[in-house]
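I am attaching a structure below and will ask some questions about it afterwards.
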Amino acid sequence: MEKRAIRPFSGDTVTLVLMIALAAMWILPTIWVISLSLRPNMDLMRSTAGLLPIPFTLQNYIDIVSVSMTPRWLLNSAIVAIGTTVITLIVASLAGYAFARIAFPFKRTLFVFILCGLMIPEQTIIIPLHAMITDWGMHNTHAALIAPRVAMPVGVFLMTQFFRAIPLELEEAARLDNASRLTVFRRIMLPLSIPALTTLGIYTFLQAWNDFFWPLVSATNSNMYTVTVGLSSLQGNFAQTEGLGFIMASAVFASLPVVIVYVIFQKYIVRGIAMTTGK
Amino acid sequence: AEELTFLRFFGGCSDQYANVTDMDQAVGECGVIQVLTNKFNAENDQDITINTQNVEWGVYYDLLSTQIASGQQPAIAVMHRSVLPNFVARDLIEPLDDIFVEAGIDTSDFLPAALESVSYDGQIWGLPWDIHALLYHVNGAIMEEAGLTDAEGNYILPTSTEELFEHARIVQERTGKRYLSIGSRNDAMTARVFNLLMWQQGSGIFNEDLSGVQIDSEEGRVALEFMKRLYDEGVALPIHDGSEATQAFINGEAAVFVSGTWQVDTMAAHSASESSPLANYQVFDFPQVVGDTRATWSDSHMWVLPAKERSPEEMAATVAFLSFLNDNSGQWARTGHLPVRQSVLESEAFAALPYRTSYAETTGIAQAVPMVQNQRPIQDIIRDGLSAVWLGDTAVDAALSDVQSQVERNFRRVR
Amino acid sequence: MASVRLRAVAKNYGAVRAIHEVNLDVEHREFVVLVGPSGCGKSTLLRMIAGLETISGGEITLDDQVINDVPAGGRGVAMVFQNYALYPHMTAAQNMAFGLENIGMAREEINRRIAHAASTLKIEELLQRRPKAMSGGQRQRIAIGRAIVRDPKVFLFDEPLSNLDAALRVQMRIEIAKLHQRLDATMIYVTHDQVEAMTLADKIVVLSAGRIEQVGTPLELYHTPRNTFVAGFIGSPKMNIIDGKVAAITPEGVDVETPSGRLAIAAEPAGLAIGDSVRVGIRPEHMGVGKPGDGLAVVVEVVERLGDETMVYGTIGDGTSVVVKLDGTARVRTGETIPISVAATDGHLFTMDGEALRRTPAALEGLFDV
Amino acid sequence: MVRLRDGLSALAFLAPFLVFYLLFLVYPFGLGIWISFHDWELVGSFREWIGLWNYEDMFADPQFWRAVRNTLTFAAMTVPVMVGLALLLALGLNRQTRIHGALRAIFFTSNVLSVTVVTLIWIMVLSPDRGLIAQLFRSLGLEPIAFLASTTWAMPAIVATTVWWGIGFPMILFLAGLQQIPGELYEAARLDNASPWRRFTRITLPALRRTFVLVAILQVIGQLQIFGQVLIMTGGGPSQSTRSLVQTIYETGFADWQLGYASAMSLFLFVVMFVASMAQLYIARQED
Amino acid sequence: MASVRLRAVAKNYGAVRAIHEVNLDVEHREFVVLVGPSGCGKSTLLRMIAGLETISGGEITLDDQVINDVPAGGRGVAMVFQNYALYPHMTAAQNMAFGLENIGMAREEINRRIAHAASTLKIEELLQRRPKAMSGGQRQRIAIGRAIVRDPKVFLFDEPLSNLDAALRVQMRIEIAKLHQRLDATMIYVTHDQVEAMTLADKIVVLSAGRIEQVGTPLELYHTPRNTFVAGFIGSPKMNIIDGKVAAITPEGVDVETPSGRLAIAAEPAGLAIGDSVRVGIRPEHMGVGKPGDGLAVVVEVVERLGDETMVYGTIGDGTSVVVKLDGTARVRTGETIPISVAATDGHLFTMDGEALRRTPAALEGLFDV
C-alpha cells in the first residue's frame, strides 16, 4: 500500500541502498560457501580466494550422495524433525483446545503449571534427561530425540491462544448442530487452525532440525547422528585442510531442506509471528 | 554372523579406502587402521563384520563416555593409557588377562614399557597398540639454508635453552623463517610440552607418591618461562592451533615441528612430493632443552573391551579381531609410532622403515603421565591455563598458581 | 406445535445475576422479539432457551416438556447468530449439511432438504461457495438456511441483522417477515433495533437489567408504555420527557404546568393531587408548531432538514432537551423560540418514579383498530 | 453432571500432552534438582548424596565464575547489537515491495541454518589464512587477524557470528510490531507537522515498546544459553576466554562425568535466566 | 477567510483513475459534505485536500494560493479520522499539544489553547487520560480537540462518526453542527450516511465512481435530483423508480402509463413524445392510499408498523418492488391490493438513461422557502 510511504525511514532511496548493501554483506558468506562447495578439494588446498566456483565441479555433491554418511544423517534429521512436528501438532492442538474451550476444574492452575514449563530452558534439563533416558536404555533411538521436544509447552500455548481467537459462536453453532466435542475439534477447530498449525509446524520443524545439544549427547552412534551432529563430527582438522569443498558441500546439502521449507512457507512464518505477538 | 562396532579416532577415510585390502596402499594412521579393518572384514572366515565408527579425537572420550553411559558400548574401542585409570576404577572395561591366555596372545612378547602401559591394579586392561612420543621434526632445507649443519651435513640440534634461542635467531636471520612450529592454541601439545619440560628437569606435575600437585614450583616456572620466551621472541607463533602448526610446517614456514611419532609417515609423504616446501625432511629424538634429564613425552594407544554383556559368539568374534590386530601391530609401526612387540622391533621390516634410526633413543627416554585418574581434565586445565600466558596477558606466576589450584580442585574429586 | 414457556427462569454468572426469575409464554407460530439496552440479558435468555447456557433457576418447557437438561442439539431449536457463525472452511451446502450429518441422516434426505431450503431462500447458486466469497446478506441467508434444514420447532435469532448495512438490513428484515409467514415455526428474535422489533414482532418483550419491563404487541408498547423506560425505548426519536407539576384535574384528564408552558394530557389522574410532581411524555412526531404563546416554548438549537421531515433540537425553560419532528417544509430557524402545541390525546403522563398513568379512553380511541 | 463430563473430556484432550510434559520436562527438572545434591557420575553407578556440596564447590570455583563472566559478557555484547540492528533493519525494510521482501528474506534465511552450518561458514570466513575477511584485509594491504585465536577478538567474532545467525527473528518481530501501528497515526503526525525524526521518536518507538521488551527478553534468554558456537568455533579458547556456562555444563557433565556438579550449574543458569526475564517483565510493567 | 477550490483535480493509483477531473468550490465557513457509495473516491478527495495524497492532475487552491505542493502540515488544514488516530501512548492533552510543539509554539500558548478547546468540547476532565481509558465518543471529542487547537482554516472529517453507535452518532452529529456554528472555519465532511449529509451540510457533493454527480443544498438534492443515481441516494427509504411509457403530454406535465396504472407527473416534457419509455420516480413518503381504481395498484407483501408510520412493501404489475410510507393508523393488510395515489407535483420523471426532466414551477413552488 502506498500509505506506507510516509512511515519514517522506509521510503527513501538512501535507506534502500543502505539496506541492499547490508544485505549483500549478509549473504556474501553464504554465497562464498556455496561457491567453495562447487570447487575441487585439491584446488581449495591451494587457495580459497574468489567468489566464483572456478574451476567448477559437482564432485563434492556426488561424493555426499554416494559415499558419505550425510544422506543417512539427513534421513535421521528428517525422521526426527517430521516426527517431532507431527506429534507436537497433535498433542498441542488437543491440549490447546481443552484449555481454550472446555471448562474444567483447576483449569487456570493447570495452565499456569504448563506455562511455567516455558521458563525452563532446554539446557537445564539435558543432564537429568540424559540420566533418565540412560536408565530407560533409550539412547540412540529416534524416540529419545523426539520426545523431549514434544514436551515443550510453546505449542500448547500458541494453540490455546489461537483457539481462543476463533469465535465461540462457531462452536455453539456446532453444538446446536449436534456435534460432539471430538467432532467440533476435528471438523471445525482443526480446519480453521491450519494457519496456526502451519506456523507451529514450521517452527517446530526448524527447531527440531537445528537442535544440537541434545542429539549431541543422546545420539552417540554415528548411524543415529542427525545432520547437525554429523556435520560437527566432520568438522575437525579435516575441515581446514583436505576436504574443505566436501565439508562445505555437506553443509549446503544439509541446509537445503530447511531453506526450502523456509522459502515455501516463509509467509506463514511471518504471519504466525505477527499472530502470536499481536496485541 | 557377528557385527562388531569398532570405536576409534585416527580419522575417517573409509570412503578413500573403500574395499582396499592391500596394506601397501595404506598411508598414515587412518589408512593403516582402515585397511587393516577392511582386510579383516574381507578375509576372516567366521563371517565377522567390523563396523568402524570414527570420531574426531577431540570429542572421542566425550562420545565414548556417553555411549557407555547410554549402554551403547562399542565392542572394541581405542584408549590412551592416560585415561585408563578412570575407566578401570569404574569397572567400565573388561580385564584381559584370561582372554589373552585363551586367545594365545603372548604377553611376554610385549615390550616392558608397553606392558606397563596397559597394566593397572595388577591386571591387563588393553591390547597395547603403540607407544607414541614427541619428536623433533625438521625441515632440512631450511636448516641447510640457515647453515645449521655440521661438517658431515648433519643438522645441528640444540642442547640447551640458550642454543635453541640462538638457532632460532640464526634461522630467522638467514632464512626469514620461524624456527619452531608448534600447536599453541587449544592444543594438547601445550600440556605435553609442559610435562616434557618438567621431566627434563627431573620433576613432574605430581610429586613422587602422587599425593600432591607441584605445578606451581621452581621447575614449573622454568618450564613456563621457557615456553613464554618462545612466543615472546617469535620463535613460535602463539595463535597456531594444531592443524595450523602442521600446515605451517608443511608449507615450509618453520624449520622445526614439535609433534609426535604419528606425523612421521605423513611428513615423509609430503616431503617426497617434488614441489613441496618441506624438503629434506628429517626427524630426531627430542633434544634436551631445559634441565639435565633426558626425557620426552609419551603416551600409548591400546584396544580395550568396554564392559558389557557379550554372548560367547560375540566374545569369540571380538577376540578374533583383537588377535588379528595384535598379529598385525607391525603394520602400525609404519605410521611412525613405536612398536609394542619385541618381535616387531626386531623384525627386518621394521628396521627397513625410514627414519627409525634417527629417533631410536626415544623408546628409552619416553616418559608417560602417571597412572592416576582424571588425567584428561587435568591436562586440559594445564593446556588452557598456561596458554593464557601467551594468548592473553596473564603473568607466569599467576598462571602457575591458577593452574595449580585448579588441578588440586580436580584432584579432590578423584576417588 | 411449538410453544415455549419460561417459569421463573434465572441465570447467575458467579455472583452476578444476569436474569431475574423471568416468566414468559411464547405461543406456537408466534414471533416474539426481545429488546432492551445492551447488557440487559437478551442474549442470555435466548441462549438459555437454545441450551447454550445452563439455567440457574426455574424451568423452560417446550411443548410442555421440561428441557432444562436436554442438550442443545436435542431441543429442536435452531439459532441464527449475529455474526452468522458459518463454518468458514465449508461451502454453503456443507454448512447446511453439517448438522444433519451429525445425526446420521441419509445423504439423499440431506440433499433434498438443502435443495428445498435453497429454493426457499433463493440461494441455489451460492451452495458451492465458501462464506468468504459471499456478501453479508448472502451469508445471512446461508445462516438462516442452516437453521431451516434442521426443520426446527423454534427459531432463535440473536441480532441477526446488526452486521448488515442499513439498506440490506431493511431487505433482510422483510425476508425474515416473509419467512415467518411461510414456515410453520415459532420464532424468538433478539434485537436492540427498535424498528426491527416494531416491524417484525407479534409480541415484544422489553427487558431491562435482567427483568421484563413489559410484554405486548408493538402498538401496545408504542401507545401505552407501562413506564418511562419502555416509553423511551420504543419510538424514534425517543419520547420527550418533561418534568412538571399538576396544575389542574379536568374531566378530560390532567393539566400540567411545565417550565415552558401548560399542557393538557388525556390521562386518568388516579391518585394525583394538584401540585404533585409528574412527568409528561410527548413523542416528537406528536408535536406541531402552534400559535404564539400557546403550548411549550422551545428554543431552537439545531435544525435538521431531512427532505420530507425536519428535526428540531431545542431546549425548554429548565434546560431539558426536546426533539420535535416537523414536516419537510416547516419554517424554523436556529435561535428562535417556537411555540409547540400537543394534542391532549397524544400526551403521556408518568409519576415521578416512572410509572405510566392510564390514558383516557378518548386518547386510545382508534389506535388499535388497524 | 455437566462439569464431570467436561472434566473427563478435558482430561482426554490433555492427556497426550501431559504425558510428554510430565515425563520429559517436569520429571527431568525435578530429577535435575535431585541429582544436584549428589556426586552423580555420568558413567558407572556412583551416586552419593552430598547435600549442598556441589553448590559450595560451584561458588568457590574460579572456572565456573569465569564461565559466568564470559556468558554475561557475551550476552551484554550480543543483545544490544541484536536489538538495535534488528530494529534498524525492520525500519528500513518495512515496505511491501518485492525488493524489500527479498531483502527481508536474506536477513531471515541465515536464521534457519543450524549452528553447525553457521559456525562452519564463519570459521571459514574468519580464518586468517584462507578466510573471506583475510582476503579483504590482504587486498587492503593489511595483515589478517586470527580472530578466533585472539583473546581480544574471539568473543567479538562469536558475537558477529551470532548476530549474523540470529538477526532474522527479532527483525521479524519488530516488523510485526511496526505493521500494527495504524498508518493514520503517521498521517495525523504529518498533519501535525512532525518531522521524520519526531515521528520516529514520538510515534514509532513508543508504539514498539512491547515488542522491545519481548525481543529483549527472548534475546537475553537465548544468548545466555550460548553453546554451539563456542564449542565448535573456539572450544572455549583461546585460554578459556570464550568458555560459556552451558559449555562448562556440557564438559563437566559429559567430559568430566560429574553430572551432579553439572546439574547444580544448570540450575544456577535457570535461576539467572528466570531472574533476568522477570526483571525485564517487571520493568515493562512499571512503564505501563 | 478560507475558501477551497478544486480545478480539474484528478488522482490515479497506478493505472486506476480514482478521481476524474473534479471541479469544486468550497466557500469560507461553508459546511460541505461529500457523499457517495463506498469506493467512489470520497476519502481520496479529502486526503488530497489534506495533502496526504499526491495530486495527479489539476490544482487545489486555498484562499487562491495553489497548495498542490505545500506539505500536509503547512496547509492550515486539520483532519479528524474515522478511527480517531489518537496517539495511544499520549494523554489527551499531549495528543493536542503534539502538533503545536512541532511548530515550536510556546508552552503557555499551548496550554491556553488546550484549555480553551477542552472547555469548548467539555473534555476538561479527560485531559490527563490516555485514549485507551476513554469511550468512543470521548475519543471522538479528543480527536476534534486536536484539530481545534491548531486553529485551522479548514476542518476535514473522514466519516468521523461511523465507529460510534447509533445514539452517540446522533449526539455527536449535533455537536459537530454546533461546533460549526461557533467556529470560524470551513468544514469538509465525508460520510456515507445520508442522514448526516442532509442534516449537516450547507452543500452536499454526491460522488459516484470518482466523478461529481451533483452539487447542491440538501433540499435541492432532495427535491431536484439531477438523475436517478442522486434520486436513489438521497432520501430514505429510497425513491421508487417505476418504468412506464408516455401516455399524454398535458399543460401540467406528462401522463405516464405504468404497468399498474396511469400517473400524472408535473415535469417538463422536453423532447418527449407519446409512447417514449420513461422512468417515474416517487418517494415513499409522497404516496398515499387513494380511491379504488385510482393511481397505482400495489400488491401488499409486508406491512411494518412503526408507531406513527406504517411502511408497506409491495409490488406492482411488472414485479417492480415499491415502498410506501403511510401514517401510523393506515389500514393495510398483507396480500391485499391497494390503490396508491400520488400528487402530480410530487412525482419525478427521468429518461431511460436516468437523466431527470425538469420539474414544473408548480411542482417546485414553496419547496425551498424554509
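Per-chain residue numbering starts at 1, and chain names A, B, C, D and E are given in the order in which the chains are listed.
By our rule, contacts are C-beta pairs under 8 Å (C-beta built on N, C-alpha and C of every residue); 3 or more make two chains touch, one makes a residue touch a chain.
Going by UniProt, the chains are A = sn-glycerol-3-phosphate transport system permease protein UgpE; C, E = sn-glycerol-3-phosphate ABC transporter ATP-binding protein UgpC; D = Sugar ABC transporter permease.
Please read these numbers as outputs of a predicted model, since none were measured by experiment.
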Q | Steps needed, at fewest, to go from chain B to chain D via touching chains | A | 1
**Q.** Co-neighbours of chain B and chain A - touch as defined
**A.** D
Q. Suppose you hop from chain C to any chain it touches, then on again the same way; how many hops at least until you reach chain D?
A. 2
**Q.** Highest C-beta pair count, chain pair
**A.** A-D
Q: Find the geometric centre of each of chain A and chain D from their Cα atoms only, then give the gap between the two centres in Å, rounded to an integer.
A: 16
Q. If you average the CA atoms of chain B and of chain E, how far apart do the two points sit, in angstrom?
A. 94
Q) Just how far, in Å, is the C-alpha centre of chain C from the one of chain B? A) 95
**Q.** Between chain E and chain A, distance of the C-alpha-averaged centres to the nearest whole Å
**A.** 55
**Q.** Residues of chain A engaged with two or more neighbouring chains
**A.** 6, 130, 217, 235, 240
Q) Residue numbers in chain B touching 2 or more other chains? A) 58, 66, 69, 244, 247
Q. At which residue positions does chain D touch at least two other chains?
A. 42, 187, 190, 254
(Q) Help me check something: in the complex, which residues belonging to chain B touch chain A? (A) 5, 11-12, 15, 18, 53-59, 63, 66-67, 69-72, 242-244, 246-247
**Q.** Interface residues, chain A side, partner chain D - complex
**A.** 1, 3-11, 15-16, 18-20, 22-23, 26-30, 32-33, 36, 47-49, 90-92, 94-95, 97-99, 102-105, 107, 110, 114, 117, 119-132, 147-148, 150-153, 156, 181, 185, 206, 209-210, 212-213, 217, 227-229, 231-232, 235, 239-240, 244, 247-248, 251, 254-255, 258-259, 261-263, 266, 269-270, 273-274, 277-279
(Q) If we count contacts the way the header does, which residues on chain B are in touch with chain D in the complex? (A) 58, 61-62, 65-66, 68-69, 86, 90-92, 185-186, 238-241, 244, 247, 374, 376-377, 384-385, 387-388, 391-392, 394, 402, 405-406, 409-410, 413, 415
Q. In their shared complex, at which residues does chain D touch chain A?
A. 3, 6-7, 9-11, 13-14, 16-18, 20-21, 23-32, 34-35, 40, 42, 89, 91-96, 99-100, 103, 105-110, 112-117, 119-125, 127, 130-132, 135, 164, 169, 172-173, 175-181, 183, 186-187, 190, 196-197, 199-200, 204, 211, 214, 221, 225, 227-228, 232, 246, 249-250, 253-254, 259, 262-263, 266-267, 269-270, 273-274, 277
**Q.** Touching residues on chain D, where the partner in the complex is chain E
**A.** 182, 184-185, 187-195, 198, 202-203, 206-207, 209
